[in-house]
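Sharing a structure below in structure tokens format, with a few things to ask.
Chain naming follows the written order as A, B, C, D, E and F, and within any one chain the residues start at number 1.
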């Protein structure tokens, strides 16, 4: 039944946009029906369960976290769900006339409003019915979001208030979340009814206090209690139906509900009492005084809400059964009169086109019904006898007079509440007299019945229930029982006899009347008294401060220069490492590490090389001294018995230099010298990092026996693979997966530089000024030596490459090394060519890379024939046993060649050849030439480039119309002088 | 111990270069750092046994651990790939390198 | 002479060249190991009779390998000259020398090297 | 699934990628190859998830079937399977966006994405730390390519610097990781996690060595104090790639941290306080950075940092609840962050700027994208009923449970500031009236783009529709009428729906996350699977 | 026989090292780049030849002989070609010649006359 | 084997001298020359380190070095002219 109610509300919400599109603003009538239906269902359902105190229904949501959609209907839930549903329905009906009429085409305009309002109702219903802490929190935040969106959609001016409202209420929501999680952890359950009866609350006072405070704070933000009151008046920018709902039955009432719900466990906690009473009374007086200063009717009502909620909060804080039942009654009374007042103000606003008291005073409202309903509702608010407000206020005063605690407490409480009530009378009169007191000026006509019906019924209900309050006995008793945690029988009556609270009431009314009579003087006193601080400013300042702090925090790390970001890890790691060294007391003895004299010689060379690198100021010296280090390392590897590694390192060193040279010509020739500060900092950081590394290597290597894996390779490697080069067998047999990854990395490097140069040109060549007049300047003639050497060495290189590939399984070599040698062959061919254009390095590198990966992967897949990916096979072909590991190595070979060719093709050739300007809009299907950098450019273009070169040399300008450079100029809008 | 010193030296130079402004020096820093990583890997296999691991040696106590060698070989090639990528990155874009060219010193 | 004697001629040339190297090394070493510098560096133009790329490369390389001398570069005669049937001396090497004193003596030294080289490597053994 | 099939998660994308390279520039074939492969990968991931859904377990396979300790083992358990699936989905969605935004129209895109997928899958499956290094490189190299590919034409200074920063930081990280692997081999004599199981808890030198690896992974994940690079570098590429990387790179690093700490350290409680402290700092620094930023993507990039704090808090708590919450958070975050990047990215692609204040009124102009963004933003801030709420709630619950009060307070405060920064985007981009000036900028081609377009650095984008001729001439005129197409909005909407679905149907994901967490809490299944492989 | 080879090998190696050292000395002491190039081209080439030959004598085998012959041939060609390339580039980029007795290359230059004396200021670091 | 040891030391010292010239310059050509010399020096060092421990594959690696090493010299020459041939 409860699930059905909730589902109905959600369904209404879901259908609302569609229905709105069909029916326009009148859809409100239709949407009110399910809400009223749900109200009826809830009311009847509760009656049905008269024997047991609550109806419980449940639907699993996240069982792993013990979270489920548990719904429970007890008295308190009943009171609030009726308010939520009935007032919600009333507001929906009211909205049909409040909202502007839309023409057929624009009917969807109010879809958002209706969806959010019904959603709001559904969320509130879920909130008051939830018996699961998490579901309760979810509903709590859902109301926050609904109100945020409802406020935000009221125009540009509503954005800031909406944001402030959201921030304050979400902050409260997070406090609630904290409370919820603590409760869950403390009690081991998410069920609210179980939590409320758990014995942890009696046993752990610290925990209890903590949760009580968290719950109270969460409720304060929602119910706009001091010091979180700012958002409520701020949210007045929302349209009136929203305000009416928000103030009367939704949102702010969620806080009151929360307080009442947890009152059974916390009412004895001093912190709870003190917090609630203090904050409640402060808010009550503050709100009431503030309301007296307002001219905007809605704003006045907003402060009034604050004040009334303050009284409610204080009542709950007092926590006696009398106080709690008074709170329940006042909640109902407030819902009725506040909804009526808001809607009534909306009617006036609509008719008079203003809700400013000063402007209304200059008008002539002829609105008998509206006036009556406003008077009734305002009188109820003021606590005039025979209205429900009187009943509730008297119950409150009675409760305060009997408040427990020190002797002065009841007096102080009663006095403060009375003071707030006096002001209430005053601002109620201010409202009515101000809004309807005008007697001349523009005539304001009465609104149609469909418009005032909803507020009128609210006001009327207040009157009827004020006359026969015992109608509420059952409801209030049920609600108060749930709030008190024990059975409460409340008998409401208009006349209790000459009890003390009656005299207080009368005194309040008298004082209030006096203030009304002296209202001009009150105005004069209060009007200039702005509060020295504004909570709104506080919210804004906190927000701006956070953003500013964020900017500062962000600026610490927003340097785009890599140096900054690279140094931080170095510093951190060094510090951590040095700490680790410092704290390490004992280490295993050194077992497999040993140094030989020549190691130190190499270390010396490396040291010199490193120092030289650090001090190098020209590109060439930097590159050359890098070689010093690289070759020293190569020799060291070689001396450690790592022949393959040494060979690879050697080849990589050389090829790296070759590639660097391709790029050098596009970079400035010299480095700047770093400033002294940068230098010192860099030296310090580098020194720490170096020390840490030394310590790490010294501590963490060479101190164990030979590893089992190494023993396996040495003893079984040859037998298992048939290869005697154990390093190579690891690469192609045992750990071929690494190698597959590695060849992929290589191939993708080629792909990446192609992608890099796909969209942009590398920096322009910046060739050194050459003595063009010299007899030895002709490249054609002077590359003869290299060309001849290449012709002689070419076959040797090819043979070498093949031999290294084939023998790799047994002797130093293998795919990488042989491919690097082959790549060196291409490099030589490139360097020997008389011009960049004529270099024969024009194979399709993308194809080669692809082929390499395909060969590697397919060889791997063949391994499935023997049970696993990359399992080498040893088929016999023509009597020779071969191994697929060799085929795998061919894949490696292709990928390496591919990446080397990519480098030369993309970087070693004139820009016009490789990265011809992108067609701005590549036509679909027809690939631009730039998409296939591996393919040759059109011969015409190449000839053109060559011609231009020669022409440039002989000093005659090439025809601009035919050359690529002119095209470039046109495309990029800048001229690159050659 | 020599391995520790060599690795330390390499990291020292590498970090110093990483903290420079020019992309090419940063790249060279990474070249050094790559060496350092390889030295660590080799050291992890031990430096007391230096015979090259070939065939099925009878006396295991003198033969180097082949696994770190395979690791280093892989690492060298990967570092090579990335170095190329970084080098290309250094020359693409409008303002590649904040080194100041001083042509008058290169050639007068 | 014919290709049959070719290996012998090559070997002979290599022996002669080795001797040249030893003698010129001593000059360089002496200069280098004694304090001060007594070199008289200069760059000389040397026309060559080498026809093929291989020949001229070998010559340039041998010059470079000889202590004290170094090939700096080469210049081709203009196309018109190259087209002449009797073209000789089409290519000009620029040779850097440390101890020759003057350009002519460089030319003489290189000329001798060239003659011996061409005799050794050409199938017919001739220098023209 | 038989363990022997696990290597196919790597082999298949690699093979397809290479074949696409060979066939050259056939766009349709590329798209089909990419889509098909990703669907297969996702199907495989789902298969594994359903396999483990009942009672957990792990499937292992020694690649090439050498003896245990020699083979490189691949293992899938629930955690790995989940990651495989979600990374696959994410790659698919981001590729979709890349195609829709015209950034994938090159011969390189599909092959690079496929290699990236292979790398991710390998990194998720491997048990061998050196092999992990290799696969991380296999991930990174194509990433470098994708990163620069996205920056069209010459790119702005920011993009170039971003790419440099991205490459250098990752290289540094990889090298540190490699050294860590070296130290592990130096101390333990193996780099096989199954053989290393629990070693760091008992042997101090192994612990230090492994810590070096964890440190490197923490840089990759952008943990404070080494977080700034991510916020600078990530926004420098195209939205699709930012989204993709956000879902893959930091997340794979987080995954590896979870895995290594669980297996090698055996969850050693000794060091957890460091993790909690760092996570809190990361949350705070990230969110503060975000709230101070001025473009949508840099805000979102800072949030990645902040959220990494949440994600890693799961492993720093190292309780069943904490691990499960962390894993849930990880998976949720991959989706929601992609959604945010893609919804703001759709706007950026269409209107050529992501600068707060340069745009407004998107809510009325692009309602669908607005809703998608709002949903994802709320999810990111941890508001119900989206997956972010369940993630954050379960994590807070776990933190309360272990008594980490400060962590709880930090998480709550960070949630609020997260919301604040999301409101900044909402306010700056979506609300207000649509300004014609900002729309005109969007319509212009690179040559005609106004300052806003220049700032965004998109240059002349190649949004596929409409016809090329129209773009050059009448672009400005047609721009104000053209909205984000359904195809471009699709990825953001789909991911936003996913986050809602994962919130409402949280039990599904929470259940499997708990199974995954059990696998981390008790690694014996994982280790046994490797040892029996 | 083996001892003889060993001794001879050691001698050759030391000799090669010394030849190489002269190159290094030349690089350190000669006054301009061309003289240094000259020294390197020679001593670098020959020193290695000596050393490798010496090494062969220490590890004699048929396959090693083949390899060493190849090495020597290739090394002589490549060292000469590489050296010449550097020398020419140096000249083209205007590296100064210092105190030259004669310079016919400058004389043959089509453009401005080259002054044999330091026409171009040395680049300083 | 004393000759090998002496040779190694001499080569190492020669390499240091070359490194000195690289930093000292003064011209870029000087640096390139010194770089060329360094390569030769390292080839010699490899040969000497190889024979010292009787490594079977010394000559393989020297052969590879001789074959491709001069590429670095050619590259340096190209670097001097900043790409001009």
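The working rule: a residue touches a chain if its C-beta (ideal position, glycine included) is under 8 Å from a C-beta of that chain, and two chains touch if they have at least 3 such contacts.
In this text, all values refer to a predicted model and were calculated from it rather than measured experimentally.
Student: Return the chains shared as contacts by chain D and chain F, ordered by label.
Tutor: Common neighbours, chain D/chain F: A, B.
Student: Going only through chains that touch each other, how many steps at minimum separate chain D from chain E?
Tutor: 2
Student: From the Cα centroids, identify the chain that ends up most central relative to all protein Cα atoms.
Tutor: Closest to the centre of all protein C-alpha atoms: chain D.
Student: Pick out whichever of the two, A-E or B-D, is joined by more C-beta pairs in contact.
Tutor: Ranking B-D and A-E by C-beta contacts puts B-D first.
Student: Approximately how many whole Å separate the CA-defined centres of chain A and chain C?
Tutor: Spacing between the chain centres: roughly 77 Å.
Student: How many angstrom between the C-alpha centroids of chain D and chain A?
Tutor: Taking the average C-alpha coordinate of chain A and of chain D, the gap between them is 14 Å.
Student: How many Å are there between the centre of chain B and the centre of chain F, using C-alpha atoms for each centre?
Tutor: 18
Student: Would you mind listing the residues of chain B that make contact with two or more other chains?
Tutor: 18, 23, 26, 36, 40, 43-45, 50-52, 54, 67, 74, 78, 81-82, 85, 89-90, 92-94, 96, 105-107
Student: What residues in chain F touch two or more of the other chains?
Tutor: 15, 23, 25, 28, 32, 34, 50, 53, 55, 57, 60, 63, 67, 69-70, 72, 74, 76, 78, 80-81, 84 - these are the residues of chain F that touch more than one other chain.
Student: Show the residues in chain E shared as contacts by 2 or more other chains, in ascending order.
Tutor: 25, 37, 45, 70, 74, 77-79, 81, 83-85, 88, 91-94, 105, 108, 123-125
Student: For the complex, which residues does chain B have touching chain F?
Tutor: Residue positions touching the partner: 50-52, 54, 106.
Student: State the interface residues of chain F toward chain E in the complex, per the touch definition above.
Tutor: Touching chain E from chain F are residues 1-4, 6-7, 10-11, 13-15, 17-18, 20-21, 23-30, 32-34, 36-37, 40-41, 43-44, 47-48, 50-51, 54, 58-60, 62-63, 66-67, 69-70, 72-74, 76-78, 80-81, 84.
Student: Could you please specify the touching residues of chain E with respect to chain A in the complex?
Tutor: By the definition above, chain E touches chain A via 70, 74, 77-78, 81, 84-85, 88, 91-94, 105, 108-112, 125.
Student: Can you tell me which positions in chain D touch chain B when the two form their complex?
Tutor: Of all residues in chain D, those touching chain B are 130, 133-134, 137, 141, 144, 148, 154-157, 159-160, 163-164, 167-168, 171-172, 175, 178-179, 181-186.
Student: Residues of chain C touching chain E in their complex?
Tutor: That would be residues 21, 25, 28-29, 32-33, 37, 39-45, 57, 60-62, 64-73, 75, 94, 96, 98, 101-103 of chain C.
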